[in-house]
Amino acid sequence: MANLDTLIQDLVIANRILAKEDVVDAYGHISVRHPDNPKHFFISRSLAPELIEKDDIVELGLDGQPVKDEKRSLYLERFIHAAIYEMRPDVTAVVHAHAEDILPFGIAKATPLRPVIHSGSFIGKDVPVWDIAEKFGDTNVLVTNMDQGRDLAKCLGGNNVALMRGHGFASAARSLIEVVRMSVYLPRNARALMRAKMLGGEIKYLSQGEIDARNAGYSPYSTETWRAWEYWANKAGCGHMLTRPDGGHVHKHDHKHDHKK
Amino acid sequence: MANLDTLIQDLVIANRILAKEDVVDAYGHISVRHPDNPKHFFISRSLAPELIEKDDIVELGLDGQPVKDEKRSLYLERFIHAAIYEMRPDVTAVVHAHAEDILPFGIAKATPLRPVIHSGSFIGKDVPVWDIAEKFGDTNVLVTNMDQGRDLAKCLGGNNVALMRGHGFASAARSLIEVVRMSVYLPRNARALMRAKMLGGEIKYLSQGEIDARNAGYSPYSTETWRAWEYWANKAGCGHMLTRPDGGHVHKHDHKHDHKK
Amino acid sequence: MANLDTLIQDLVIANRILAKEDVVDAYGHISVRHPDNPKHFFISRSLAPELIEKDDIVELGLDGQPVKDEKRSLYLERFIHAAIYEMRPDVTAVVHAHAEDILPFGIAKATPLRPVIHSGSFIGKDVPVWDIAEKFGDTNVLVTNMDQGRDLAKCLGGNNVALMRGHGFASAARSLIEVVRMSVYLPRNARALMRAKMLGGEIKYLSQGEIDARNAGYSPYSTETWRAWEYWANKAGCGHMLTRPDGGHVHKHDHKHDHKK
Amino acid sequence: MANLDTLIQDLVIANRILAKEDVVDAYGHISVRHPDNPKHFFISRSLAPELIEKDDIVELGLDGQPVKDEKRSLYLERFIHAAIYEMRPDVTAVVHAHAEDILPFGIAKATPLRPVIHSGSFIGKDVPVWDIAEKFGDTNVLVTNMDQGRDLAKCLGGNNVALMRGHGFASAARSLIEVVRMSVYLPRNARALMRAKMLGGEIKYLSQGEIDARNAGYSPYSTETWRAWEYWANKAGCGHMLTRPDGGHVHKHDHKHDHKK
């Protein structure tokens, strides 16, 4: 139970980080798979990520429905998460958001979004663009049932990120920390590419070998990964909520950011 | 009276949200129609939106003049609101502002502003550009009388937003919450379109069917709409002022943002 | 003396506003002419504008030298102010700054900076670009003596703003409030024009008649002008320092911004 | 020892400034050479720059290894610093960071990054681009050993800044204050050039004579240089930590920024 408590606490931190880093606003969400039951996952009830606390987290099944009696409203688009967990057993955490600077790449298909900076390597070499209209025609553009969620998951395939035309993106990763990092650096990579295009001339993308080398070196509790998680949590005002699942002590400056900003 | 008090409180919140979200600065304003008297509307006296409190709100008629004795200065451009309420009985709330990122679309007419992202759908398929000079020649570019207001309202027609060349925009909606949401996402849609143009190639706009489907699903007190209102109010430091007109309780974290930021 | 105290207090406020609005950073300065002695002006000693208080203000002559014994270091570029006051008896206040978004227009001369939005009208129809190298060859690009200051003032001529190639701008106006407003909206006008150029097609500039109409309606203590000054002062954390020189009371919410942010 | 204490305190301030000014985020680092032992330098253990305090600073040799027993994790890329100190006896301080707006110039080689604004002059006339793949093939793009560090230092040569393709930059200077100033204004110069390119037409760069004149006038404790250091330290919430190594008193407003923001 201690581990589960920590995981849910980390999910709260992840919500606050994504809000502070402008990946989500009132909309967008993040989930994590149940560590002991791969057919369940945790996500907030319908609430802006910045306002989420532990008791806002609900447990859903792979059909996107709550596993316990639940009177509170749920995210309309929870099926994005359910369908990705269903199709991708390797995935532990999922983000769906509308981060502004990735939107142009889903609208103007002439320029594919690909990694150009080292912090963007985790999005993977190919980022497919899913257009809900191709299969479902005129909708409200939201993913509101399992059929739509599965179509998106199919487009995502074995990749880490799919853009959603006129809407946002879905990202999937091996850990909560990784999906947060990927989702924070995804818009940064998009801006770097957009501006490089404006400067003109040939673009130098990361090579497949570079992407692979970076991916091979990833570990969710390495010093380097933890450094970002600790920084973002402090910046988002929840340094005091940090726990190192490896049992290590949390950095002494946990509350610093609250005082400084 | 309780309802009216709540509405005026919501108008104060709306002002603060628009300031925090950079839709208005010292200039720009928002109004709401009187629920019991469609020939009156509420708007602040001449004051920067961020500084507005309940006793700054005044009641005006459809001629743009105060209905009670009023010694304080009024917004020069209150006729924008009066004329739109006069011409559009379906409209309950109006914003006029100079949000920076919509300005290029009123200056460079080569690219019409149209929805490209789902959160921009509410601006509607067509966003006409009104040029005060066409009818009124050389002016100070402000809408300072009913003639000018009516000309703008005529250009707006049945649409939700009109751009005003070299000046800003006017938006009109069915509720205070809707006009705020439209006005916050309007510049975001403008940025997404501007950057998509820079990436080059064909632009994929929202279809009419998608715009209609999103519009049909709108309700000012749906969970999804309220989620944004609650988030923005907290971010603007006035979560403690929130009231749900449907009688529901306000979220427990009302004051959180004040502490966190 | 009361008036002089108020003026100096307003100069402190103006410094803080320009810092908060990103017109200046550690560098850049603002001055105001002595109301009773047109051959003197007030400006801070060498200090970042955000940190300035009343006792940092010094009184200089039109040669850029202090009129009283002064041991503290002065701004190297105070000659910009001295030379403009010398050449332009109509000018009461001067700003020199490096606001980022005007810089491209001094570097790439293909696109002249001209007003495209109503809040930018006060920069005037023509904004000349001064290149220190034309007369002085290779320098450190700073205006460090009266000769250089006079050459800049000559380029400024009867205009309100001159861009300085690879450096920044100088703006001159009839009042402290006007020069602040012009300097805040100058970069906004630059951004609007830059983005309109990127959208392509013909640009619609403000007409000479529109610029004149707006200029004719300007008054430093009109409700509309004061509204911006009050807003910016509150935003910069010095609402409590506001005084209305016309004897009117200051708005009740002076300290609000300090609490809210 | 007093001097060394002050230097380490200044290194802490420098870390906080670079974080506040968005030059670094969780990643990126700054070091300073030991004043009494040119074969040693100071840098933080592996920690986000914003969270660094005095006891996080470690002392490394020119092989990038700690000179005392050290159990804490170190920055993987500390070899950037070691190799530059080894090759450049004139260098006292080094920054490595991923500041977003310089990234496009390392990806799209068509436009060389060169100084166009006076505050960017310190980057020097030429800014070489180092591509780790040229010598080392497919790597994780990080500089994780002396061989890679030396190859980067060789590309840097006698210049002040080298861009690192798809990664960031390394800058080297005569003092801690200079390397901070250069690193803060480097992205600003990049933005000014990028936007000037978008406006089109010929670009006017700073001349070699202008760069030389500015460089000749630089002194780390001149009034002008100190003004920026004092401003940035206050903005980063550590005005109270300021010490003038020339024995002068620190400005009275040290804590101001903490109260105001």
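A, B, C and D label the chains in the order they appear, each numbered from 1.
Basically, a contact is a pair of C-beta atoms (placed from the backbone, for glycine too) under 8 Å apart; a residue touches a chain by one contact, two chains touch by 3 or more.
Here the structure is a predicted model, which is why all the values come from computation and not from measurement.
Peer 1: Which is it for copies chain C and chain D: same residues on both faces, with over half shared, or different residues?
Peer 2: The interface of chain C with chain D is built from mostly unshared positions.
Peer 1: What rotation angle takes the CA atoms of chain B onto those of chain C? Round to the nearest 5 degrees.
Peer 2: Rounded to 5 degrees, the superposing rotation is 90 degrees.
Peer 1: When the centre of a chain is set as the mean of its C-alpha atoms, what distance in Å lies between chain A and chain D?
Peer 2: 31
Peer 1: Which chain C residues reach two or more other chains?
Peer 2: In chain C, 197-198, 261 touch at least two other chains.
Peer 1: Report the residues of chain A in contact with chain B in the complex, numbered from low to high.
Peer 2: 25-27, 46-48, 50-51, 53, 73, 76, 98, 100-101, 103-105, 107-111, 131, 133, 137-142, 165-167, 194, 197-198, 237, 258, 261
Peer 1: State the interface residues of chain D toward chain C in the complex, per the touch definition above.
Peer 2: Interface residues on the chain D side: 116-119, 121, 188, 191-193, 195-204, 206-210, 212-214, 216-217, 223-224, 227-228, 230-232, 234-235, 251, 253, 256-257, 260-261.
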